[in-house]
Every structure is written in C-alpha cells, then in structure tokens.
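The following pair of complexes shares a single chain, subunit A, combined with subunit B in the former and subunit C in the latter.
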Partner chain A sequence: MPKLLVCYKWVLNEQDIKIRPEDLSLDSSRAKGKISDFDRNAIEEASLIVEQQGGTVDALSYGTPAVKLSVKDALSRGPNRLLWVGDPGADDADALVIANVLAAAIRKAGPYDLILCGEGSSDMFYQQTPARLAALLGLPCVTFVSKMTLDGAVLKATRKLGECTEEVSVTGPAVVSVLSEINKPRIPSLKQVLGAAKKPSEELPIASLGLTPDELQPKAVRKSPKGFLMNRKNVVFKESDAAANVAKLVAALAAEGLR
Partner chain B sequence: MAGIFIFSEDPQLAQQLLTPALALKAASAQPLVALTACAETAQKLASLGADRVVVLKAASTTPEALAPAIAELLAKAQASVVLVGSTSSGRHLAAHLAAALKAGMTTDAKALAMVDGRLETQRILYAGLAVCDEVVALPAVATIPQRTFLPPGPAAQAGTVETLEVQADARVVVQSRTPVESEGVDITAAIKLVSVGRGFGKKEDLSLARDLAGALKAEIACTRGVAEDEHWLPIERYIGISGQTVKPELYLAVGLSGQVQHMVGCRESKVIVAVNKDEQAPIFEAADYGIVGDLYQVLPLLTVALKS
Partner chain C sequence: MSILLTEEQQLIGQSARDFAKEYLEPMVVEMDHTGQYPAAVVKQLAAQDFLGLFLAGEYGGAEAGYVSLVEVVENLSRVAPAVASIMVNHALAAYAIQRWGSPEQKKNCLPKLASGEVLGAFAVFEHGPTPGVGAGALMATKLPEGWALKGTKAFVRNAGAAGAYVVLACTDPAAGAKSLAAFIVNAKASGLTVGAPYETMGLKGCPMADLAFDNVMVADTAILGGSTDGSAIMTETLALASLAEAAQTVGIGQAAVEHAAAYSKTRIQFGRPIASLQAIQTLLAEVAADCHLARLGLRYAAQLMDDGQPFLVEAAMVKQALARYGAKMLIDTVQVEGGFGYSEFMPLPRLFRDITGTTLLEAPADYPEKTIAAALLA
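The block that comes next holds the complex of A and B.
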C-alpha cells in the first residue's frame, strides 16, 4: 500500500489583487486565499492513486499562519491527513527556504513512497520546489508529468517538455511534479466537505523541525513588487447595432494602419 | 568565489546566455565558463566569448541526468553565478543546482546585473500582474527564457575547449522520447494574430476566426484552455504564462476573458482589440479597441467589412 505525500501552497487569489494607480503598489487587502491552482492537480492525482489502489495520502503545506484556513479545503479534496507549518517568516521565504522547511517536515513525518507537487505556485511560479526537494532528500525527481501510473514501487510517467514528450520510469521513492492537464481537480461534494472535518490535521511548529537560522534565511530577496500597468486606449463600441460597431472598429484599425 | 557559468541544452539559447554572462564577467572580473553536452556547439561558444568551454561526456546527457555532476563541478569551482536556459529541463536542472549549492535562484529573469556583490534580477509575480526585483546573494542561480537576449558578436580572442567525463544520474530511466507534432508555425513571428478563447462553442466554429484571420492576413492563436483542455488547436499556438509570448502589431482577442495568465503573453502587442459579449470581461481594460457583442454575429460582419 503506497504512502503518498502531496505538497501544496496556500496563495492569494491573484484575481483579487488590485494595483494602486498612484504608485503601482499592490493592494491585496481584499484578496482571498486559495489552494494554488497546479497544486490542486497534485492533490487530485495523489487522491486518485489511493482511491484506485489503496494506501494513504498526507498533505503538507508551509505558509504564514493563514495556511490554517486551508485545512478543510485541502482535506475535502481527498487526503487522509494534513500537516501544516505556519510561520510569519513564510511571507518573505524564497524557494530555498520553502524547500528546506518542506524537506525537514518530510524527514520528520516520512518516509513516503511518492511525493507529489504542482508544476509551480500561482503566486510566485518559481517552479523550484520539486527539484530542490528531491535534491535535499536525495531522491530522484520526475518533473512536468502529464500522465502517471504507480505499479508497486515502479512509477511510469509521461513528461511534457515543450518540444518533446518523454516516457520515463523510476523505482521509488521519488518526487514528482504534475502539469495541470494531468486531471481535472474535483469540486468537493457536500459529503467530502463534511468528511474533511473528521480527518486529522496537525500543526508542525517550525521550531520542531530542527532547522538552523541559515536554512530559514532567504537568499533571494524580493523588493518592491510593482503592478504592471496596462496603458491602453480602452475605446469600447457597445451599441446594439453590431454593424455600426464593426464599422467603427474597421475605421479605427484603418487609422492605426492595420487594415 | 569565482566563475560565471552558463548551461543550456538548446544551442541557440546557450549563445543567448553569453550576452548577460559577458556583462556579469565585465562587472565582476571573473572567468566565463560554458558547460555543454553538445560537442558541435563548443567552438561556437568559445568564439562568442566563453573563456572556457567544458564539454560534458556521459552515458546520458539530458540536463536532468547531468544535474548531480554539474552541481559537483560548480561546487568545486566555487561558481558565483550560474545562468541556465529556461527550457522545462533547464528549470529542473537549475533548481537542483540551486539546492545543491544552497543558493538563491531567480526563475525566468528578464534582466540581471551585479550590484554590490549580489545578483539583481527582475521577474514577474502573480502570473504577470506584477513585476519585482530580486536581490540574490552569491552564489546565485537564474534561468533565462528564450529570446530574452540576442547572442553576442564574435570575441576578440576565442576561449579554450576541453572535454570532461562525468557520471550521469541513471535513477530515472528514459524509455522513449517523441518530438511534439508541430505544424512548424512560428506564431511569435506573426505580424497580426487572431486569438480565440472558449467563447467559441465548438471546434468547428473556429472557422469564423480563420475567415477573419484570412481577411486580415493574420495567424491564429489561442488561450491555454482551447489548446490544453479542448485540444482544438496545437499547443504551439497558445499564448500565456506557460505558453508563447508574442508582440504582434495587432492582437485581436475573440471570446477570451483576458485573465492575467493569458495577457502576460500578449500585453506587449502594439494594438489589442477585443470582441466579447461580457462588457465586464477584463480584456476590455487591456484593449485599445473593443466590441461588446456576440462573436457569432460580430465576426462574420467584421470579416466582410475588412474584405471590402
């Protein structure tokens, strides 16, 4: 029976983030949290594997103390148990710190037969965590997976690499990152949502992970995020007469020299 | 710490990496070393300014299989900056190297410079909603996307080329490798694009967009959903954060809402036009001109009007 782990990140919904026009700074005061999009595919894939062939899935997340808000959502998507590390320092964490924390938590809670991650988080999209985790844990790593099957200890996977696809196999344990096309994440049913409340979740205090101050020190420091301002003409033709709108657009394209 | 290192399995991208690497070399007076698994391109990299080119020989020379060997080589050389071409395999390799070197890493740097003994980079956040600077302590790793830099001109003096036998990581076995079927269309070179989203009800309806593209002498592009979820168009035509980035003269977006993940791939277009039935769709904020209306009504009218 395989013992799986899936890592996910609780991120701000980028659709809720507004750009302040006066200085282009980001206003995330109204932004709600969500499980990062690609991580939902990782949770779904891990859950499908154990639903089909038995075993267990633990979910693991590292974030600010707000990560606690994700517990119910994550557990309603299939995992049997949730482990989370909530620390205010996570706001400034770079991919090095994230991987150090996750690896330490995995050493404490593991070992696991398979560790799944999404391709990248929808906020920072560093795409570093899977390969960093594998390197830290001394495990082989299979990234950008569009299809996978687990047969005993043998993982077979299809990787999509832009210009080619690869069929690979690895004898576990291993770290895998999945692409969004691998599955359609479930929308949890009422039963699954209610069932999530009964599943165990546990906070792993960051101090319990045995990390040195240096391992928690970001080496890549983000400075002054600035909104990307769309500076466009915003001329919208919206009369009820479609032909009139089209005529105006064609005239505008002609004026731009684009006819 | 010494050495600016570059690696890409893509020969064109490897040459492009030399441009920022040469600037970092000039700013920090360190040797520039190109690592490659491709003996054929070694001389070219040496002639374009690499002081040393190290050709890695191994049983498998994919970037993933070479990762532990390259990490060992970089640690031994006490590399200060490592630039990797941002292909999928390249990003995998770079993250492995960063972990092995206990280094910070910028994914997909748009710009980079050495400032006060640190690598300063620029990249996007929130799928393109924002940009930010990253200050990375040395040693630092960065991936650089295709066509961010032009390759440099020939160097005054060519560098040396050497060969190094290394051990490949054989834990992941590649059973087969298949090139992705391609129409051979380079939509990044198109002057005009008609881009389609899921406002189209079915694949056959894309003929409306093709007719319009014909009238405009434009190519067809699409959203991720159209390519990856519906499979109506090949992946090479999809625009967005994990797809293509284009800068045409005209980007005519039809039946797509304009989510930031899509717009990051086309927002440097000269003129953006939107056709969408939802007046509240974010695409109108990102467009120069827009028509609020049903694409099934607007597109045939627009095609006829452009032909006349």
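The block that comes next holds the complex of A and C.
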C-alpha cells in the first residue's frame, strides 16, 4: 500500500487583499487564509490515488502559527493525517528555507513512496519548492504533471511543457508537482468537514527538526510588495460618423503598436 | 453561547459558497427563465450532505446543526435562492419527522430524506385564512382502517418533485384549527393529485402547486405525534421556516449589495465612479448593515436551536425585521445600479423577485408580531 505525502501552503486569499490607493501598498488586514489553489490539486490527486488503490496520505504544511487554522480544511479534503510546522519567522521564508523545513520534516515523519506538491503557491508562485525538495531528499523530481498513475512503485506521468507533452516513468520514491488541470479539487461534504476533527494532526516544532540557523536564514529578501494599477488612457472617439470613429480607433491602436 | 462561527461552521459555509459557484452559477439564469425544477442540482445537494444537514447520524444525517443550516442556506441563496428554497422546504419536512416522529417513522423516512432518495415537502397552507378553516380545508376523518384525507393544501413548495409530504389536516370540523394533525403522506398515495404549477413572481425552479386530496387513505401510523399535535408542529416548524427564509433573504441582500458595490466602482458619471458619491455610499452602507445585523439575529436563534433552547420568539423577531426591510435592500441596490440594474441582463431584477418570495412565503407575514407580542404580554 503506497504511503503518500502531500505538501501544501496556507496563503492569504488574494481576493481579500486590497490595494491602498495612496501608496499602492497591500492591505491584508481583513484577508482570510486558504489552502493555496494549486496545492488543492495535489491534495486531491493524492487522495484519489489512495481512495482508488488503498494506502495512506499524510499532509504537511510549513507556515506561521496561523497554519494551524488550515488543519481541518486540509483534512476534510481527504488526507488521513496532518503534520504542520508553525514558525513565526515563516512569513519571511524564501523558497530555500521552505524546502529546508519541509525536507527536514519529511526525514522525521517519512519515508514516503510519493511526495506531491502543487506547481507553485498562489501567493509567491516561485515554483521552486518541489525541485528543491527533491534535491534535498535525493529523489527524482517530475514537474508540471497533468496526468499520472501509480502502479506499485512505478509512477507514470504526463508532463505538460510549452507546446508539447512528455511521458515519464519513474520508479519511486519521487517528488511530483502537479498542474491545476490534473483534476478538479473536491468540495468537501458536510460529513467530510465534520469528520476532519476525528483525524490525527500533529505539530512538528521547528526546533525539533535539527535545522541550523543558516538553513533557516532566507537568502532572498522580499521587500514591500506593491499593487499594480493599469491607468486607462480615457480616449473617446465620439464623432457622429461611426465609420470615422472606427478608422480613428484602428489608427490609434496601430500607433500603439497593435497589429 | 457564541454567535461566532466555529471552525467547522466556517468550513461548511465555504463548502456552500464553493458549491454555489461550481454548480449554481452556471444554471441559475436558465432556471429563472424556464422555471424548470433542477433535478441534477438537487442530487448534488444530497451528495454534499445538504439534504440531511441536521439529521441524526443514525439516519444518515450529517448532524451539522442549525447554525450550519442557516449558513448553508445563506450561501446558496447568494447565487440561487430558488435552489435554497427547495432545500429549505425539504428540511422542514425532515425536521418535523425527526422532532415528532415515532422511532418507526424516523427509521422509515429519515434515511431516504437524508440521502436525497426522497425529497420532502411541508404542506401547511390552504386557501382559507388558516389551516382547517373554510371551504376546501383539508379534513382528516377517522375510519377503522386509518384516516381519510379530503380537501386541498395550497401553495405547496416542492409539490410534484417531492416523494413524501408532511401534511397538516383538521381532524375535527367543529374545533377547526385547534384540531390539526400532521400526517406523512406518500406522494404516490391513491387520490393525491398535484395541481398545475403556479407561475410565480420569483424563486423560479422551486415548484409550487396545490395538492388535492380525494379521500386519500393513510394508516394510523402515518400521524406525527398525536392527533392534536398539528398546531404545535406547525408553529415550531414554521419558526424554523422563518429562520431559513431569513437566511435566504440575507443571502440575497448580501449578493445584491456586493454586486452593487462592485458596479458602483466601475460606473463613471460626471468623470468619477459613482462609488465616490456620498448618496451611493449611504445606500450601500445601509444595506450592508441591515444584512449584518439580520445575520447576527438569525445565527443567535439558530444557536438556540442547537442548544436545545426555546427559539420561537427570536425566530419571529428575525422574520419580522426582514419582512419589514428585506425587499428594501433590493430597492436600494437597484437604485445604485440605475437603468442597468433595472435590466434583466443584470442579476438584481431576479434577486428582487426572489426576495419578495423569501420575505413572505413560508411563514405568513402576520405571524411574527403575534408570537413576539404573546411573549411580551404573557
């Protein structure tokens, strides 16, 4: 029976984040958390595999102590057990730190036959965690997977690349990153939501993972993210001759470089 | 007691929002145009456990409670109030059976209602002023082999789609409404016919029709509680209806104010978005506040139900408040959107028609004041 792990990130819901018009800074004071969109696909895929062929799925997340708020949400989506690492410094963590923490947690809780991640988080979208994780764990990494099957220890996956696809076969264990098109994440039913409270969850204290201060030191520093506003040109062609208006519009677009 | 949602209740609300986006948004406009009963969506409601939401686990229910019920109803109503109406009327029948049913009745009926195998309906109203009074009142006559039902129930929602009706009937013509009894009636019972569907102003897709009973025979075991418990069953179940309809009204109001707020930021008049005008801000703020306060009131009453406390007066207060200003929320939001908002290609006209139904249909408009005054004057 395969033992799967799925990693997910608890992010702020981008729809709740407002842009302050005075300086374009982001106001997230009323933003609620959610499981990163692409990670929902990873959770769904892992859960489907186990529901179809048996086995277990653990879920793992690293974030600020607020990540604890995600426990029931994540467990309602299928995983059998949840592990989380709460760290007040996680807000500043870069992709390197995130991978270091996840890898240390996996070494402690594993081994696993397959580790699934979303293609990137819906806040930063670095797309680095699966590859870094695989490197740290010494495992093969299969990225941008749009379709996959697990037959014993053999993973067969379809990778979606620019304008082509690639069929890959890997003997596990391995790290996989999935695309959003791989499945449609379930909407947890009431029984699944209420049943989540009965599933085990455990905090892995960051201090228990044996990481050095250097491994927890972000190398990439994120500075004041700002909103982006597109200023409209507010050009109106409103002559009585509609054909002339169209001609002027086409000429204006052409002058802007639109072909 | 806390009126803040628990983590599970928040997740249940999120599931309902996601469900509405996934399954209701794509079909709601078409359903409004055709008035066709959304059978496929009702199956999906069952798959999400919404049809057995508060029913006991031993009958296949989710045991999620009444705060969860109003949370789900509000969130479904933000998108498709008619679908929420189908769920609510089903819930009223399920509630009556779970609350007053014998162990045998519960065992026979509730698993089918929880799974969605059978849709329920609660049939209270008649063409007369109150059940059991006037020509055409549904009368139940005791016979050696059971009860014979003869007469008409009016404005029954889920009529035709339901497989089981909880029906109030008068057992003593002399006593009128004081001798009401509630019966579980199979939709396939001989002598029961569903009238032509009403062409309604709103909530299209939730079927509504009269039920005609021509000496429909039901067994003694079909009666819920005792032969004079009908009045109590009606009162308490309609109090739950008040809460559910309040949740629908709040959901519609919330959807309308969010739509109007978004519109006001894009509608440019006199060189600036109308959102910058104080008159517009006032209209939006009043509707948002009305929704918020009503939501607190209905969650409070629903929490009383979850705690097993009396809730009739609190439910009546919520009903009364929303009967007074529910429709005004749509008047004000349509006002914000002006000529565009009045057009059927925008959602507010549909919501306007729907909110008219959710503020008056299931519980009569004069009901809340009587309940509140009775408690004050007792």
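Of note:
Following the convention adopted for this analysis, the second predicted complex is superposed on the first by the 232 of 259 C-alpha atoms of A that agree within 3 Å, B and C clash if a C-alpha of one lies under 4 Å from a C-alpha of the other, contacts with A are read in each partner's own complex, and residues count from 1 in each chain.
Criterion: contacts are C-beta pairs under 8 Å (C-beta built on N, C-alpha and C of every residue); 3 or more make two chains touch, one makes a residue touch a chain.
Everything quoted here is computed from the prediction, not taken from an experiment.
One of subunit B and subunit C touches more residues of subunit A, and that partner is B. By the document's definition of touching, of the two partners only subunit C reaches A:P188; subunit B does not.
Judged by the touch definition given at the top, the superposed model places A:N245 against subunit B, while subunit C stays out of reach. Contact with neither subunit B nor subunit C is seen for A:L204 once the two complexes are overlaid on the shared chain. In the superposition on chain A, A:S180 makes contact with subunit B only, not with subunit C. In the superposition on chain A, A:G227 makes contact with subunit B only, while subunit C stays out of contact range. By the touch criterion defined above, A:A93 lies against neither subunit B nor subunit C after alignment on the C-alpha atoms of chain A. In the superposition on chain A, no residue of subunit A contacts both subunit B and subunit C. Against subunit B, in their complex, subunit A makes its touches with residues 12, 14-15, 17, 19, 26, 94-96, 99, 119-120, 122-136, 140-144, 159-171, 174, 180-181, 218-228, 230, 232-238, 242-243, 245-247, 249-250, 252-253, 256, 258-259.
For subunit C in complex with subunit A, the residues that touch the partner chain are 7-8, 11-12, 14-15, 18-19, 22, 47-50, 53, 62-64, 68. Here subunit B touches subunit A in the complex through residues 64, 67, 71, 87-89, 91-96, 98-100, 102-107, 124-137, 140, 169, 171-180, 182, 192, 228-229, 241-242, 249-250, 259-260, 263-264, 267, 271-273, 279, 284-294, 297-298, 301-302, 305-306, going by the rule given at the top.
For subunit A in complex with subunit C, the residues that touch the partner chain are 69, 72-73, 76, 187-191, 193-194, 196-197.
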